[in-house]
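In what comes next, subunit A is part of two complexes: it sits with subunit B in the first one and with subunit C in the second one.
Now for the complex of A and B:
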C-alpha cells in the first residue's frame, strides 16, 4: 500500500525556484558580505572597548559617570562608541534574523519575531546614538568639578 | 550519533559544533548588547542612577557573568575570523579543522589573561 510518486515529466522549473536578479535582488549576498566586513571591524572596536574599560587602570572598579564623561570628552571615543553601537547592532540583528528564518517555521511566527527584532534594533540604535550625541557632563546628579 | 549519519563530513564533527557555538554565543552577546545600551543610556538621565546600575556590575557574582560574556565574545571573534578564512582563503576549507584548534588555543590564552586580570580587580577588594 505504498504511495507511488510519479517521476517528473517535464523539464519546466517552477518560477519560484528560479534564481535571478528579479527574485530577491542581492540583499542576502550583501548581508553575507556585511557580516564578514563588520565582523573584522567589530573585533578591533570591541577588543579596544574591553581593553580600555576593563583591563587598564582600575578596570571595572573605575567605571562610573565620571569615567564615561571622561571618555566622551574625546571625539575619538564618541566616534568609537557610535561605530560600535551601529555595527554591533546591525551585525547582531542580521545574525538573529538568520536564526529566526532557520527555526520559526510558520510564516506568521517568522513575521512577528522579525518585526519585534527590527523594532528593538531601531529603538536601541536611535536611543544609543541620541545618548552619545546629546551627552551632558552636567546632567542631574553629576559631581564633576566643572558642574558644581 | 545514529549509524545513518556516519559518512558525513559535517554532522557531529568540528564544523557542526563550531557552527552551534557561533550561533549560541552570537545570540547571547546580542541579548547582552540590548541591555548594555539601555543601562548606558542612564548617563543621559541621572548620574547617580547610572552609578547605581554600574555598581551592580561591580559585584563578585556579576564579575563571573562578565568573564562568561567575554568568553563568548572571544570565541565568536576568533571563530568569526576562521569563518572568513574558510570563505575567502583558497585553502580555507582544507584547513578548517586545524584552524578550529588554532581558534581554541588562542581562545584559552586570551581568555585566561582576561579572566586573571578582571577577577583580580573585581574580587580584589578595591
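Now for the complex of A and C:
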C-alpha cells in the first residue's frame, strides 16, 4: 500500500546563497565621500545664491531677465552658478540613485529607473552649462541698455 | 542520618503578612502570532491565542504555553531561553526583540501582542526563517583571528585601552535582530548587514589581529558599509545593547583613513 503525500506548497528555499559577485573598485566609497563634501559646499552656494537674489537690493521683485543678465556679466557669478548646477545635480542624482538601489527590487526596474535618471541628469547639466557660457543678453526685442 | 543545622545568625523573624513573594499578578493577553504552515496553506495568516499569563512571564513563556497547551504545531526557535544563545529573535509588536528577554508586563497587554518572524530572510515555518543568507555574509568577513609572525609562547598581550576599542562589538550573539531590522537588507538581501559589519569591527580593531586591511577591503564592496543609511534600526534592535550604527561608522572611517 502506498500513500501519496502532496508536496509541500512552500517554494523550497534554495540553500545556495544568492549574493552577487564581489564588486571591484571604490566607486561607492567615492560616492559616499562626494555626498558629504558636496553637501557642505552646497550649503554655502545655495544660501549665497538665495541671499544675493532675495535679500540684497530690490529682493524678489528685482528678479527678471535683466537681473540674470547682469549677474552673468560677472565671471564670479558664472562660476558660482556653474558650481551650483553641477554639484546640486550630481548630489541630487546620486541621492536618487541610492534611493533606487534601496527600493527597486528587480534588476530590470533598477536599470530602467537609473537609465532615465542618468539621461535626465546629463541633459540638464549640459543644457545648464550651455546656457551659462553662451548666454547672450541681446536677444531679439531686448530692452537692455547695452543692446540698444 | 540527618543532623539539624543551626539557624543562620542572619535569620530575621518576620511578622505574619510581612514580606514574602506575595502573589504574582496575573493578566489575560491576546497573543497574535503570524502563522505560516507550508504543508497546509500557501499564505501566512494571523492567529489569536487568549492566554492567562503572570507578571514574571516573557513572550517566550506565552509561546511555550501556546505550543504546550493550545497548538503543538506552532514552531519557533529557542535554545537557552535566557538571552545568551540568540535563537529566538522575532518581531514583537513590530520591533525585533528576543522573546526570552521581553517581559509581557512591559508590553501593552490591553491590545493584542503581535509576534512575527524576523523580516528579510526566507520564511520556513511560523517564526522560523532560513538563517543561511545571514551566516553567509558573516562568514565572508572572516570572523576569526588571523595573525602573522611567530606564535607567542604564552598569550597574546593586549592593553586595556586596546581592548576597549572593540569591547562593545564582542557582545554579539548572532541573533540577526539587527540585520533583519535593516531596511536596506530587506530590499534584496545583498547588503552585508549590521551583524557582519559588527563582527568584522570586532577583529579590525583588535590589536592582536593582522588581517584588518583584508576585512576593510571586503567591506569596501558596493554591498558593504557604504549601503548603511544610518537609520539606527539595528542599534535599537540589538538585545545586547551594542552601538551597531557607531561600529559601522567606525569601519567607514577606517576604510577612508587607510585608503584615501
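Criterion: the second predicted complex is superposed on the first by the 125 of 148 C-alpha atoms of A that agree within 3 Å, B and C clash if a C-alpha of one lies under 4 Å from a C-alpha of the other, contacts with A are read in each partner's own complex, and residues count from 1 in each chain.
The definition used in the following text is that contacts are C-beta pairs under 8 Å (C-beta built on N, C-alpha and C of every residue); 3 or more make two chains touch, one makes a residue touch a chain.
Quick caveat, the model's predicted, so the values are computed rather than measured.
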Subunit B versus subunit C as contact partner of A:28, first or second or both or neither: second
First (subunit B), second (subunit C), both or neither touched by A:55: first
Of subunit C and subunit B, partner touching more subunit A residues: B
Which superposed partner A:103 touches (first subunit B, second subunit C, both, neither): second
Subunit B versus subunit C as contact partner of A:111, first or second or both or neither: neither
Which superposed partner A:95 touches (first subunit B, second subunit C, both, neither): first
Which of subunit B and subunit C A:135 touches, first, second, both or neither: first
Contact residues common to both interfaces of subunit A (with subunit B and with subunit C): none
Subunit A residues touching subunit B - in the complex, by the definition given at the top: 36, 39-40, 42-43, 46-47, 50, 54-55, 58-61, 63-65, 68-69, 85, 88-89, 92-93, 95-96, 99, 120, 124, 127-128, 130-131, 134-136, 139-143
Of all residues in subunit B, those that touch subunit A in their complex: 23, 26-27, 29-30, 33-34, 37-38, 40-41, 43-51, 54, 57-58, 63, 66, 70, 73, 77, 80-81, 83-84, 87-88, 114, 117-118, 121-122, 126
Touching residues (chain side subunit C, partner subunit A) in the complex: 36, 38-39, 41-42, 122-125, 130, 132-133, 136-137, 183-184, 187-190, 218, 220-224, 226-227, 229, 252, 255-256, 259-260
Partner subunit C, residues of subunit A touching it in the complex: 8-10, 13, 15, 17-20, 22-23, 26-29, 31-33, 98, 101-105
